[in-house]
Amino acid sequence: MTVIFGVFLLTLLVITALAIVRTENLFVAVMLMGIASLLIAANFFILDAADVALTEAAVGAGISTVLFLGALALTNAQERSTTSRKLLSTIVVVAATLVLIFATFDKPEFGDPNSPVQTHVSPWYLEKTPEYIDIPNVVTAVLGSYRGYDTLGEVFVVFTAGIGVLFLLGANPGVGAGQQAREINSGLRHHLIPRVVGRLLIPFIILFGLYVQFHGEYGPGGGFQAGAIIAAGIILYALLEGEKRALEVMPQKFLLGMMAAGGLIYGGVGVVCMVLGGNFLDYSVLSSNPVKGQQMGIILIEAGVGIAVTGTLLSIFHAFAARER
Amino acid sequence: MAMFLDVLSWILLTLGGISVLIGGLGALRMPDLYTRMHAASVTDSLGAILVLTGAMLQAGLTLATIKLAAILLFLLLTSPTSSYALASAALIAGTKPLSEREQPEGGKQ
Amino acid sequence: MKILGLYYYWVFAILLMTGFYAVIAKPNLIKKMIGLALFQSAVFLLYITMGHIVGGTAPIFSSVTGDTLYSNPLPQVLILTAIVVGISTTALGLGIIVRIKEEYGSIEEDEIQEIDKQ
Amino acid sequence: MNALDAHLPALQVVVPMLLSAIVVMLKPRGLAWAATTATSAVAFAISIELARLTLDGATINYAMGGWPAPFGIALGVDAFSALVLLVVTGASTVTLIGARASVDSEIALERQPFFYSAWLLALAGLAGIVVAADAFNIFVFMEISSLASYVLIAGGPDRRALPAVFKYLIMGTIGATFYLIGVGLIYMMTGTLNLADMELRIHEVADQKPILAAAGFITVGLGLKAAVFPLHVWLPNAYAYAPHMVTAFLAACATKVSIYVLLRFDFFVFQENLTGHAFQFSAFLLPLALLGILIGSGVAMFEKNLKRLFAFSSVAQIGYIILGASLVSVAGLTASILHIFNHALAKGALFLVAAAFAMNAGGLRLADLGGIGKRMPWTFGAFVIAGLSLIGIPGTAGFISKWYLISAVMELGVPGIAIIAVIIISSLMAVVYIWRVVEVAWFGEPAEPGVAAPTIPPMLIAAIWICALANLYFGIAPQLPADLAGSASQLLLDHLP
Amino acid sequence: MSPETSIIAALIVPLVGAIGIALAGRISPNVREAVTLTTAGALAWIVWGLLPIVFAGGRPGVTLAEVLPGINIAFEIEPLGMMFALLASSLWIVNSVYSIGYMRGANEKNQTRFYVMFAVSLAAAIGIAFAGNLFTLFLCYEILTLSTYPLVSHKGDKNTINSARIYLGVLLTTSIGLLLPAIIWTYSVAGTGDFVMGGILDGKLSGPAVGLLLGLFVFGVGKAAVMPVHRWLPAAMVAPTPVSALLHAVAVVKAGVFTVTKVIVYIFGVDFLFAEPSSSWLLYAAAFTIITASIVALRQTNLKRLLAYSTIAQLSYVVMAAAILKPLAEIGAAIHMLAHAFGKITLFFAAGAIYVAAKKTELHQLKGIGRRMPITMTAFTIGALSMIGVPPTGGFVSKWYILAGAFEADNYVALATIIASTVLNAAYFLPIVYMIWFIKEEPGGKEHGEAPWQSVLALAITAALTIGFFLFNGPALELERQLVEGMS
């Protein structure tokens, strides 16, 4: 049953992808991109990847769509109907596709329990996690502890993107924000219904974000998803009430602080572990009981991740929104 | 009794599916933006209500039902709002309703 | 089952190359970024697909612990990271595009090259 | 090995990474620069210590989070990594020492904290790639360094920096994603991400199609990042329009790190296991290397813009490195690894000089540089030294790697002659494009007559001369890099059957 | 002072001198010239101090640094190098004296830079002379090339820059393109590049490879100006005359032929080459160069260019002599370096004196100039005779030995070449000599006397040396006999 569903979604996905390439209206393309992300998320869910599905939905369908729209607002939404070096590209692409398809034979069967992927490293995680870390969500365990170093790097990737956008588009909004920009920023304040509904929703969105943040050990979720969701809530607020109000609540400096602080919290935990005589990011030394230490460490770093992601996404959003058209 | 609930839920599910389908058709076939939105939004809300109630009947009195109820509430709040926002945005952007135009053509938003 | 598994991989290949085509063939910078995003999500699909295990569930220990079969958590973790990397790249790329638009007044590659020539 | 030494591999990455988050909060005026330089210096010190520890071919392993490989992420530092680390941190430190004035002239004050923070992130990213012993971890840090370098390059005052950096971003991301696909395919066949573990487990599956595809994807992806001809198209403009100091830093080490990963991956994971891979490796890379050498130097001969000239010469020099590696012999690998070091010395110096020139000339077109050598004799002197090193005149560092390279090629016997010819010809091309600059700078007339007395920040001159003297010193006493390169190539070849 | 220290001193002194000159240049020209002369004197004193040791058969050496395993920066003195060092260092004194007169007389600019680079070039030349292995020799060779570039391009005008470009282009191209591969080849075949009596390649290499390697060496050493890599030498004539005189009649060009000879004697080994037919082409190449260069010289109208082509011919004498591969010929080669040096530097001094005194550079302007500048012209005549090889001049001695060697080898090509070239030399020198003494000067030429006394003194000394070498050549012969000990 789920299999058929999966095939159905995949087919839809391919159709969407082709549509994305074909359409010349960038606005449409962005929207379709959001749909594609949702389809992919659904697929992930079918493939037992709850966390990834959540993230893809929040980040791929949510944040990135917002960013694209922001960019479109500052550029033009229509693409000139020229495709350069069409033939060459087609040849390259077709050739590469064939190579890939050629590579697919010999691949272990889909979902084969005896494939190397299933038999080599992952069983260790599944069987040792209760003993070492003892939290239900193995994904969070791997993410936070076994491969915590990757996650640290990931936080700093986000951080880099954040300072990059601020570096390019200027840290302080309002700079060069002209008449038009202000109109946009005034948001939908004059439209009663969206405001009322939005105000109703925003607290719940943020609440849900916090739930995702702190429930990450037990169910799908964690810092990234939470950060994305909370950021989405605040972006919604900014859309409703306008840039100014949003920035009054969370000034740019504060957001920058969040960006830096998130990374520092994460790294700081690692350093503390080092000081306490463990290896970098070896949480078990944080508490007399290694398991408790691990859990504590994961909660701390997840908090760091959440803060960093929220701060970064909001800074990026504001940087775009503050731009003159 | 359970039998009856099951049948009922299936009826609801089917009706919901049909209405969503109609909505989809309308969104495709209607002449301009506003009519399309009309078709889509109305049937969407209806479809959502029907489908979710059906699902709730399937689930019975469990945590799932409560979640579904929450989702339903959420949908009932958001989907009309969004269609309102879209319509007003279109109006600001200057898309005239069909009635005020001569020859019919699809508003492309 | 075999075919289905291959089908997943083929979709990966097609998605990948659709995105790639948009990147190399479209002169419009935003279209390129969209293509890039598609390109990356295809890879996510590859990883998650290989992590799946038949009859498995998400690797979250439920209260009813039996000998349930869990899917491989590792690819999911990797892709969580990859998704975030992807969004970061997109954000930065869009930032650059906005600056280009401000400097050149165009986001069409060939037009920009024209402007730079003179 | 005391407690701290054990942590060095982690610290090498963590110190700059965490400091970057602090630097971004600092007040611009001077402080950000000072903090960045200090951090980079610390990183340099760490890498020196690591080099000392690994000189005898030892490998320092580090288990992140205390989890045993392959379950946790492992770091590993051996002679090869140590050498590349020296290059990366050294380049960053020396450049930063001279950077302040030039950066002040190019980047608005309130944006500088972001700039320096990005600099540290690039440093951390590159270092992270080098120390990582885990395929996916390499990807993560590759992205950190790439994003950071996009930011740095986009800081260039010339608007042409933006399209250049966008092209770089697109190609860089494609490269990284290709790499990711390759890793994914290998993971699918082996179930592990740890390089050492991969090497063991890939045996059974070596001849299967996905692994071949993986090898292809990884080689192409890293080739893109390393600007291996013909995948170099992003490089010239990116280097030409970046802030001068960024160019000096990245040109010295960025592409080298990708080559490092390429070699590591290929020798650790593929060479031994894929049937006839050594041959495919050479057959694929050797022609590209030769073409890159010739075309890079050829374009450089006719290039009008000083930095683009150097950039194309970089393409050629990368060709040398690839050439040495594609010989798959101790001598060849030693030559190529040594050239990673020596080219960093020469190019770093040259781009620093370009920065000094840019501060005192109208622009960096050769026409703008008329007679600048007479006005800035010290800078010009350093330029000549570095140029000679690039050409490969005895007594300079460049000569040493050229010597190794030619002797390595001679081992091929008769077919080697053609390759030697290519090397010689490109050296002569180097003479041409260096001497074009020398003649303009020394005998040429200033573009506008009444030019003011040059303002050369002493720190910059210091940095330039550190590089220049290093070129001379390592030309006379190349033991340190040569030994490191020697044991590094030995290390790589130990993984061959 | 132990020989090792004096070797290092010989290398350091000119460099220190260079710095001293640079500093002194800020004070006053006189101080600067004083420093130059002191440096030159000190260097000569050190080098002469080494002579007795070498005479006694000593081969003092010193290793400075090991650059790569088996590749050292090492210096070792053997007769040939000893002689070259003596030649260069001693003539530097004379040349400095001359330079003072010339540079001031022609009031050139940037004189300080001139003297500084001159000192550096001398250091490089000494380095070549004492080099203990190929690598060291190559190192100093390139330093010499680069340090002479500023001297050649001294004037800095368009024409000069182009000539300088040719100069550097040819020398660097040949050295990187041919010499470097040759050296690396040698190292990879023989495992070493040290100069060893009897050569290091015997048995390591055979067949055409030998000829090929020899070719790489001979044409790689562009400074030896064997055709077709001679173009740089006429080009270098744009330099101030002292440069042409010391560097392009003595130091640089002799460094070239010196390198060739040294490679033949210490790398290949004379006997090895003699047994190897594939190397015989060298003789013909040299012979060809001699004849062609002489013919070209016939058709020159500019004095310095004529001298340049004559130099090319004379250099190939040395190469040819070395290529005869017989002991007497090797001695001849060595001696000819000396003899030609004395003669040619005299000629250049004279040319420079004429330029300074009369601003004349073309041949046809020289009619009757002998009456105005008798000393200069006497010296010029002596030099010319030495070029032709007429007794009682030094040129005769060396030609004698070369001929003897040719007979010993029954090498009739060499014989014919020498005779023919002697005729040619006479054909282009004697008319000038005739013209300067016996043809009436055209009226309206500007009044002038001799050049500044320093110049005249210098060229008088060298002329005296040319004669003197004919009479007292014993020590030199003694020294060079050691070179050929143990040859067949």
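Note that the chains take the letters A, B, C, D and E in the order they are written out, and that residue 1 is the start of every chain.
In this section, a contact is a pair of C-beta atoms (placed from the backbone, for glycine too) under 8 Å apart; a residue touches a chain by one contact, two chains touch by 3 or more.
What you see is a predicted model, and the numbers here were worked out from it, not measured in a lab.
Asker: Considering only chains that satisfy the touch condition with chain A, which of them also satisfy it with chain E?
Answerer: Shared contacts of chain A and chain E: D.
Asker: Which chains sit in contact with both members of the pair chain B and chain D?
Answerer: The shared contacts of chain B and chain D, listed by label, come to A.
Asker: So which chain is farthest from chain E, going by the mean of the CA atoms in each chain?
Answerer: The chain farthest from chain E, judged by C-alpha centres, is B.
Asker: Taking CA centroids for every chain, report which one is farthest away from chain D.
Answerer: Farthest by centroid: B.
Asker: My parser should flag the chain pair with the most contacts; which pair should that be?
Answerer: If you count contacting C-beta pairs, the leading pair is A-C.
Asker: Distance from the CA centroid of chain C to that of chain E, rounded to the nearest Å?
Answerer: Here the centre of chain E sits 71 Å away from the centre of chain C.
Asker: Calculate how many whole Å lie between the centre of chain A and the centre of chain B, each centre taken as the average of the chain's C-alpha atoms.
Answerer: The separation of the two C-alpha centroids amounts to 29 Å.
Asker: With chain centres defined as C-alpha means, what is the inter-centre distance between chain D and chain E in Å?
Answerer: Each chain's C-alpha centroid was found; their separation is 44 Å.
Asker: Which chain A residues reach two or more other chains?
Answerer: In chain A, 100, 104-105, 107-108, 115, 117-118, 121-122, 125, 147, 150, 153-154, 157, 160-161, 164, 168 touch at least two other chains.
Asker: If a residue has to touch 2 or more other chains to count, which residues of chain E qualify?
Answerer: none
Asker: At least two other chains touched by the same residue of chain B: list those residues.
Answerer: None at all.
Asker: Provide the full list of chain pairs in touch.
Answerer: A-B, A-C, A-D, C-D, D-E
Asker: Flag every residue of chain E that touches chain D in the complex, lowest number first.
Answerer: Checking each residue of chain E against chain D gives 65, 67-68, 71, 73, 135, 138-139, 142-143, 146, 153, 156, 161, 165, 168-169, 172-173, 176-177, 180-181, 184-185, 187-188.
Asker: Can you list the residues on chain D that touch chain E in the complex?
Answerer: 388, 391-395, 400, 403-404, 406-407, 410-411, 420, 424, 427-428, 431, 435, 439, 443, 475-478, 482
Asker: Hey, which residues of chain B end up touching chain A in the complex?
Answerer: 74, 77-78, 81, 84-85, 88, 108
Asker: Okay, in this complex, where on chain C does chain A touch?
Answerer: Result: residues 1-2, 4-22, 24-28, 30-31, 33-35, 37-38, 41, 44-45, 48-62, 69-81, 83-92, 94-99, 101, 107-110 of chain C touch chain A.
Asker: Spell out the residues on chain A that touch chain D in their complex, using ranges where they run on.
Answerer: Listed in rising order, the residues of chain A that touch chain D are 99-100, 102-108, 115-122, 124-125, 128, 145-150, 152-154, 156-157, 159-161, 163-164, 166-168, 170-171, 256-257, 259-261, 263-264, 267-268, 270-271, 274, 278-284.
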